[in-house]
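Each of the two complexes below includes chain A, the first together with chain B, the second together with chain C.
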Partner chain A sequence: MATALTFKDFAGQKAMWCPGCGDFAVLRALQEACARLALPPHRIVLVSGIGCSGKITSYFSSYGFHVHHGRTLPIATGIALANRDLAVIAAGGDGDGYGIGLNHLIHAIRRDVDLTYVVMDNGVYGNTKGQTSPTTVAGTITPSSPSGAVEEPVHPLRLALAAGITYLAQGVSSDVPQLVRLIAGGIEHRGFALINVLSPCPTYDRLRTYQWWRARLVNLDEEPSYRPDSRELAVEAVSSRDASIVGLVYRAPGRPFQSRLPRFRPSPLASERLAPDGERARRILDARYAV
Partner chain B sequence: MDAETATAVTVAAAEQEALISGSEAVAVASRLADVDVITAYPIRPYDTMMQYVAKQIANGEQDAEYIVAESEHSQFEIAKHASAVGARALCGSSGVGWCYAFEAIAVTPALRLPLLAMVGNRALDDPGAFGTEHNDALAARDLGWMHVWVDTAQEALDVTLIAYRVAEDRRVFLPCAISTDGAFLTHSQALVKIPPRAWVDEFLPRYDRGDLRFHPDNPITIAPQVNEDWLMEIRRQTDQAMRNARGVLEEAYRDFRRIFNRDYGNPFFEEYYTDDAEIVLVGMGTLSMPVKVVIRKLRAEGQRVGFVRVRWFRPFDYERLGGLLSRFQAVGVVDRDFSMGSPYNSGVLANEIRATLYGQPKQPPVVSFITGLGGREVTIPNVREMFEHTRKAAETGASPRDTLWIGVRA
Partner chain C sequence: MMPAFTKGNEAIAESAIRAGLRAYFGYPVTPQSELPEYLARRLPERGGVFLQAESEIAAINMVYGAGARVMISTSGPGFSLMQEGLSYLVGAEVPCVVVDMMRGGPGLGNIAPAQGDYFQATKSAGHGDGRLLVLAPWSVQEACDLTRVAFDLADRYRNPVAILGDGLLGQMMEPVVLPAPVEPARDVAWATTGAGSGPARVITSLDLEPEALEARNRRLQEKYRRAQQEVRWEGYRLDDADVAVVAYGISARIARTAVDRARDEGVAAGLVRPITLFPFPSQAVRDVASRVRIVLVTELSAGQMVEDVRLAADGRVPVRFYGRFGGMVSTPPEILDQIEQAASEVRAA
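Up next, the complex of A and B:
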């Protein structure tokens, strides 16, 4: 007899990030969130970009697609349109999502594609040994900026809110229970959800450690006066203190792209006789995970 | 000049030696050439060059505008337009990063912008690999970029200086890609002679775009929409520039020999034990290392074998190379790349060599090999095997009808 899902049901290959990498926490939170939502692995597609964080598709047991640098969202959009029965989750780093692939973020938000995007934001290109990334704070010394970075960083929360996002959250790798809630909320949300995770890189960023974040972060979820359904409060929060808040920043009713397409088929493309044995495979998997 | 000043000049004129990698040699050359604008975007293995540039600038040794762009596409666009306003420019990438810049790469020759790009040759993902494969740079082989493959860190430094001289010559004004084999050259260090700035200044004139310079005092439009009215003439002009590059390259190598006292012989290809060779292998890049080792072993066994390393792939010296190769009893061409579905299912270089030999009165059999993809080592036994196949073709006088993959699991 099948039992309830746990995070172990989503265990893939052994994760090979550096010891202390914040991405371990994101992986665990994603696994816990999917278990909590009773989403079995065969109902999930995880799409990841290039970078250390992009390895997450190998470490998470579900359908996975490790794509080209910056292209997580177009590919995740394609999957979400072709098979609405799947929970589509995109994951990647700040270089992938806020640099080389930034334009896609604006358009995915604009379309309100029904998918969840988890960004492991460490402010560094770890995979290529520590150069500046789009979220590197000005002045930071890296191999590509030995005299200190001269550019101002991208502010993902401000950008997303300005673009009209309907689910916006920020978490930190040191608080997995909160991350689980934020990611699960994003998956349940009908529309585009962005969860930016402050995910320390202990190898290349000696400044912004877990302790450093802990001393600075304010939890919006515990602020009695904060209401995530208030756009005014959200604008105020991301404008004045976006680098020091965690929690659910903003949530509004989504209007998913899929529901707005005039001729969108009532059933997913993927179930239209493209795979003759698909039903049988699904019954077996459903039975295994007690859905 | 007093004695103290004279001593200082003598010291300054001496070359210094440094233990640096191929990537770092390109970065050092960019310092010597006083490059004005350097754009970067990290990707392995090219990123070792951009980091060395960053270090030189931070140390106060190099004076350049340095921008880490948000993508390769932006990186190449920034460098390209810096070149349009008259700045000496450098960019670079590897593998799919180079491909991501392809829109900018494709239009640069027609705009006649002589920027340099270092390509740290890397396999195209997917499937992911960081090692050498030449298909990244070769994807742009037909577009009007000059392409050169270097073999050592010293050659990387020297060719960077030579490439600026040729690219920025008004008769040419074409971009140039300098291919350095990923890991084998980008990450391996060797003693490199670093010439004094005075020699470089003598060799490399200031980049002068003249009336083609984008400047408020010189109102011109670049890249207008010309449609069928003018496109073909522009292509023809770019083609003429590439033809001109042959002679300009010869001039540059002559001057380089005079000023730097380093002689590369024929600029376009290197010959190794070819004088009395019966059969030769032909290849590009760091492949020369295992091939040269095997040649020395086979020569000790009494076999007359040699190697031709193609250095400049565009422009391609088909006349002299054809004359040379037609002398041998058989030619084996080693590709560290592939051209799926091409004649003989071979790599890119093999078909260039076949075409090169077609115009010759005598055509030796050509054996094409594909090996060392994705950074796989080309071993001593692999090279021996390729010589054996080439020897067999010399004996039978017949070219195999298909390409042989060497060092691949069945």
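Up next, the complex of A and C:
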């Protein structure tokens, strides 16, 4: 029975992140979310990019796709459009998604491709030993910014909202139950869902620790006056507070790319019989070249 | 001058600064991250610009725009991403130095030493018909020295120059005598320097008229012909050799030890070490192939440079190949065994 699934059904190889890495919580939350939704492993494709976060495909038991740096979303889009009965989840880090892959994020959002994107945002390039990432706070000293990072960080929530996202959430690795809700909601959402997870790197980021986040974060899910269906409130929240909020930031009815494709059939392309209509092709060509 | 004890990556970085480096754009990737990290500290001190871009694609295009002495560094996966930009640099004849510290491939592969990017570095700079000039050091000292050479060649030929190393060369530490700093006299008549006089300069690789584009290509090919005078290679114990080992970079380091051991055992072996991979020392290989009885090529790849060796040898002698790949590094006993096999092959003939 699918309802009997637990997170253990999604256990892959032993995770080899550093002790204390926030990505353990993301992995666990993803496993719990899939179990809660009764999605069996063979119905899921997990796509990951490069960086510490990219290892998640090895640690999660489902179909997996470990891809080139920054390219999770184009590949996930291809999977979602062809293998239409699978749940497609992309996962990666802030360098992968907000650096080299940022343009793909904007286009996936505007297409509203029906897939879920979980970003493990630790604000540092952990895999290459601690250089700045797109979400590194200005002034942070790293091996590639020995005098302090000069650039302002990317604000993923603002960008996503401005690009027209239909499901936007932010979680933190210290609150797995909330992460499970946010990820499950994203998978259920028909359209593109971004869940940005503040995932501390205890090895290379001495500033943004679990304690540091705990002292700053406001939980929108617990604010009685906050309504995630209000774009106005969402814009206000990401404009004034951005990195210090967690919870469901915004949700609107999705208009998935899939549902807008002409003559879209929900069955997988691989099992579709697309018999060539030779007569029709002939008529089209004849009309085109008729003299 | 007291030698410094330095990693290959850092030696290249410091040598670049001493060659007048003004700007560096890059993106972290193992096993070359020490290079940008060193420059992040040192280059701004010297008034230069260091920028960690959002991707290798962005970084190479920043290099395209820099105009000043500029460098970029990476490893295989990033080198692939830079091919697009390199094609534009070659087409527009804009100089730069690109360092590729090769790692195991294909794809993400691993971070161990390899020489699998030889084809990509030497055969084509991205799409089209352009080339990189390619230098292959075998020691930290030579990496340091060839960095200076690379900048000079880039300016002289207005073409990107690649330093093709590997993870081992980048990571290992050796004593190195650093060159004295120079302030290069550069002819930048091509660059958009903001000069108010003379005709407007437009940097482009676009020539819609086939006649014009063919002319541009002829100019590039003429340039590569002229660059033949830059060929560098080194011979070792070749005078009476029966077996010539051909190897570059770190493979040549390993092969030299094997050649010495073969000599100890009475096998007349020698070593040809190409230092420029493009232009390839074809004439030297041809001459050696005319004198020895068999050639053995060894690389940390499934066999890439061996194709250039075979072209150069042109059937004069048998050319055998031995490679380790995927991040595995051959050992002197392995190469010695191959030398002995090659020697017995020609003794039997």
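Assume the second predicted complex is superposed on the first by the 268 of 291 C-alpha atoms of A that agree within 3 Å, B and C clash if a C-alpha of one lies under 4 Å from a C-alpha of the other, contacts with A are read in each partner's own complex, and residues count from 1 in each chain.
Rule of thumb we're sticking to: a contact is a pair of C-beta atoms (placed from the backbone, for glycine too) under 8 Å apart; a residue touches a chain by one contact, two chains touch by 3 or more.
This is a predicted model, so every value here is computed, not measured.
Engineer: Where does A:144 make contact in the superposed view: on chain B (first), on chain C (second), on both, or on neither?
Structural biologist: Touch partners of A:144: chain B and chain C.
Engineer: For A:58, is the partner it touches chain B (first), chain C (second), both, or none of the two (neither)?
Structural biologist: neither
Engineer: Counting contacts the way the document defines them, which residues of chain A are shared by the two interfaces, the one with chain B and the one with chain C?
Structural biologist: In chain A, positions 66, 68-70, 99-100, 102, 125, 128-129, 131-132, 134, 143-147 sit in both the chain B and chain C interfaces.
Engineer: What does chain A use to touch chain C in their complex?
Structural biologist: Its residues touching chain C are 50, 66, 68-70, 99-100, 102, 125, 127-129, 131-132, 134, 143-147.
Engineer: Where on chain A does chain B make contact in their complex?
Structural biologist: Per the touch definition, chain A meets chain B at residues 66, 68-70, 99-100, 102, 125, 128-129, 131-132, 134, 143-147.
Engineer: Over in the complex, which chain B residues touch chain A? Could you list them?
Structural biologist: Residues 40-44, 47, 50-51, 54-55, 57-59, 68, 70-72, 96-97, 100, 125, 128.
Engineer: Within the complex, which stretch of chain C touches chain A?
Structural biologist: So the residues of chain C in touch with chain A come to 27-30, 33, 36-37, 40-41, 44, 50, 52, 54-58, 77, 107-108.
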